[in-house]
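In what follows, structures are represented as structure tokens.
Two complexes, one shared chain (chain A), two partners (chain B, chain C).
Moving on, here comes the complex of A and B:
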């Protein structure tokens, strides 16, 4: 009797969070999931009939297909670049002997982490713009101005800057966990620094790398602010299309379907591609 | 081991370290330079974003910013929403995290996964869903809708920090209080709570930061009178970008700096790395 009472008490303490999540998170998402299988019938209205036409129309409209491909391409490129850039920094944080320089790096990374996304976008707008730093350097060297802003490259550069701290922080623990004696034994057995890194350190930090990759992909696939600022309407990603096209006409049928394509893309990268690679658990 | 080999190790290590140090220096520059550039631009007095070398320094746009009810209104709303959502997140999150850390029961891992889900769902998907949900519900009080949305998006981050903190707390202290006759609630309030204060502060800052930065969810829920600061900033981007946007972003930079210092002071950045990595 006492046992059941305790069990009930445990569930009750979980209840507030659970109710909020079910009512304001799961239910609304489930609702538009259902709507995405019904035909569009005007703002906020859908027809009765069950249909796949919304999903079919996404994959038959070339601008939407292009947008999906572009979103995946931008996300993949920027995530891979960010993880490569992040790795040495994570290594430094995990292994550095100088505590002051390490602290400065850690502080800088967290500063970037807490900086607003809009601010980060605007910063790169100032660097890449027609009167930006890059063009200033080019013209002072007597070269021609280049247009980077409002291109895919600009969006990727901005996104790399946004996700770099996420990548660094995801990799650090996996490197910290590596037993230093493994590296030493490889060195003693005659492997050079490079070989040791490739055959010992890198494979052992793979869980961190895949965690970083999945975090970065999840963020970049859903990117909204950066393509808006640095793409200037010319490099819209899926989030931008949903916001611009679907909010204006309140088309919850097609918009819902698009939202689910986006959600599916995120979930697939999170759980199908990445999860088997890592052994990190929530608790 | 021969001396030659040892010397070889040392040299290789030295070369590696020099490259690493250089790279770190470069990375710090890469992160800080864009931020400094933004701050410098915010002091420009011209009415457009021009080249950085011919800047005419003044506080013109700071004055305009302070005098603009549009931005001030946004900042006040953002703080109100952020603080309210954070407090709610902490209350709801703490009771949840407490049970998760202290007890084992059927369905626990599913509960954890569910609570982390809002961090995985794209902001636009959630925003779009909530737009429909609130409209159907007939909930037209914009500020309340935004607070609920922010409660949802901050909860996973608050929870993650709180769970990690509670895991690090020595349970035997609480048990001692129980043995000495304190009720469970009193033991929690008077023994556990003061001991995990730093974790709660870190969780609060983390949630507030997430709330303050959100655009994707909030953009669906604002109206002409009630909007958050980042949404206000973003609307100015649709027209030509003026230095007043740089002023707004500089304000956010100062806030970010304060948040990092506060986490460092109360919780330690070191420990915070571990918490962050938990999400992944």
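Moving on, here comes the complex of A and C:
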């Protein structure tokens, strides 16, 4: 009796969030999961029969298979690039001796979150477009105009821009957490700045790097707005396809199956990219 | 101990923002000696150590190692090593890789690295721990790994920054002897930083006392304890009672008079000449350099009243109020209970004292 009471007490704190998650997240997902194993019968309707045909049709249509591969490729490239770009900045923020400078930098990064992704996507649309600043510079230098918009590169540029702050915010604390005497210890033991970084700072900030990669992958694999704006229908990612199936065609069976393919693809991609980081031996 | 100087600090000054951490410090460290920088926290001893290591750049002054000016050298070029207060073991490496780190950076071949790591682990009595991770070790063991890692590179100077302060009291005393044994065995020049005077006195060949960034006195533990050159040193090392005295100099003698009935008359040549210009001095008396009597005698002229006492086992510590209202401490070796009671009037005989200027 006393034990149960304690158990209830312990979990009561989780209850509000748990209710929301179960009713509005887990339940619909479960429903879609069920629907993905039934045949398409009409708008928002599925048949009675249990079937794998939705999944089979995904993997037999080259258009959808290509989309899965493209999604993984774009997500992996932009996440890795974002983390590589975020690391030096994070290092600078973590090591900034002036706390005012550090706060200004962190606030600037937080500030990016206040703007909507649509706004940010559209600004890149202007920058990369044929009358955008890049092409203006190129043409004013007498060079040929280049077409970046509506390409994978454009989507990747937009995504890197969106996820960079997430990467920085994941990496900064992991660098800050490293005891400064470890670095000093390595320096005194004969390691120069570069070797100290390779043997001490980098391996000890790996948890931050893998956290940053996971966050970036989770965001980019499910990207919707950026590929829609900067891809212009030519570089659709899985979320765009799912949206079309579910919302435009109202095919919940195929849309559901695609959702679970996206989920599986996400988990596999994260596993493949992050696992090696845990196994590296650094000495 | 050979007398040759291995490390020389010349007029080292370090200013942080607007506070002076180290103030014009000069010190010579001899080859093979164990020298301790001792002082209260914030006295600049750790900053001095970091300047020697190359982790902090001095604002002024030079650091000379074996005749070479290394002031502008980075830490990794100095061939020194350091044991940190928190040990600073690399948490992602096992004991072997931690100890081997310095040797790998020096690009020694694998066989030699293996042999030297094994040898140094035997020296610190940690054979068989090669594959343990730092978090699997006790505080004392981590301490030994840190020491092994510092020793294995055969540094010219070993720097130790309060290495024992994170250990519990008993282990700390044990590690003192252990550290001293290892230092003697390999004869390595060591600079030790601590605020613990018992550590400093028991381990060091010489002690350098620092306060507010200044080096006050350097000497063997006996010199520091027996002949302190300033009130700070006298007060900081052990316990000390200070009696205020007025100096009266006649043709051949110097008389020092206190207001507690204790006066000293010295032949002029026995009075430290450098204090001759001072009209006021302190008579400094260690608590163990006084005896308590029930009745006044020709030698026991200071009268006082026992305020309180503490029974400490091997001795009894008396707190005594003198006639001028000043409270002094007297330690009396004693077997059994205190022969004196609180409130009792007693008379004190002074066995030995030191004179220090008072201004």
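The definition used in the following text is that the second predicted complex is superposed on the first by the 246 of 283 C-alpha atoms of A that agree within 3 Å, B and C clash if a C-alpha of one lies under 4 Å from a C-alpha of the other, contacts with A are read in each partner's own complex, and residues count from 1 in each chain.
Note that in this section contacts are C-beta pairs under 8 Å (C-beta built on N, C-alpha and C of every residue); 3 or more make two chains touch, one makes a residue touch a chain.
Treat the numbers as computed from the prediction; the structure is a model and nothing was measured.
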Joint occupancy of chain A by chain B and chain C, clash or fit: clash
Partner chain(s) touched by A:91 [first = chain B, second = chain C, both, neither]: first
Chain B versus chain C as contact partner of A:107, first or second or both or neither: first
First, second, both or neither for A:198, with chain B first and chain C second: neither
Touching partner for A:133 - first (chain B), second (chain C), both, neither: first
More chain A residues in contact - chain B or chain C: B
Chain B versus chain C as contact partner of A:181, first or second or both or neither: second
Contacts of A:189 with chain B and chain C, given as first, second, both or neither: second
Set of chain A residues, in rising order, touched by both chain B and chain C: 187-188, 192, 282-283
Footprint of chain C on chain A - complex, ascending: 179, 181-182, 184-192, 195, 199-200, 203-204, 282-283
Footprint of chain A on chain C - complex, ascending: 53-55, 74-76, 78-82, 84, 86, 88, 90-93, 97, 101-102, 104-106, 149, 153, 159
Chain A-touching residues of chain B, taken from the complex the two chains share: 1, 5, 9, 12-13, 15-16, 20-21, 23-24, 27-28, 30-32, 34-35, 37-38, 41, 49-53, 91-93, 95-96, 98-101, 103, 105, 109, 111-118, 120-133, 135-136, 148-149, 151-152, 155, 159, 163, 167, 209, 212-213, 215-216, 219-220, 230, 233-234, 237, 241, 245-246, 248-250, 252-253, 256-257, 259-260, 263-264, 269-270, 272-274, 276-280
Contacting residues of chain A [partner chain B, same complex]: 7, 10-11, 13-14, 16-18, 20-21, 24-29, 31-32, 35, 44, 85, 88-89, 91-93, 101, 103-120, 122-127, 129, 131-133, 136, 161, 164, 166, 169-170, 172-173, 187-188, 192-193, 208, 211-212, 214-215, 218, 221-222, 224-225, 228-229, 238-239, 242-243, 246-247, 252, 255-256, 259-260, 262-263, 266-267, 270, 278, 280, 282-283
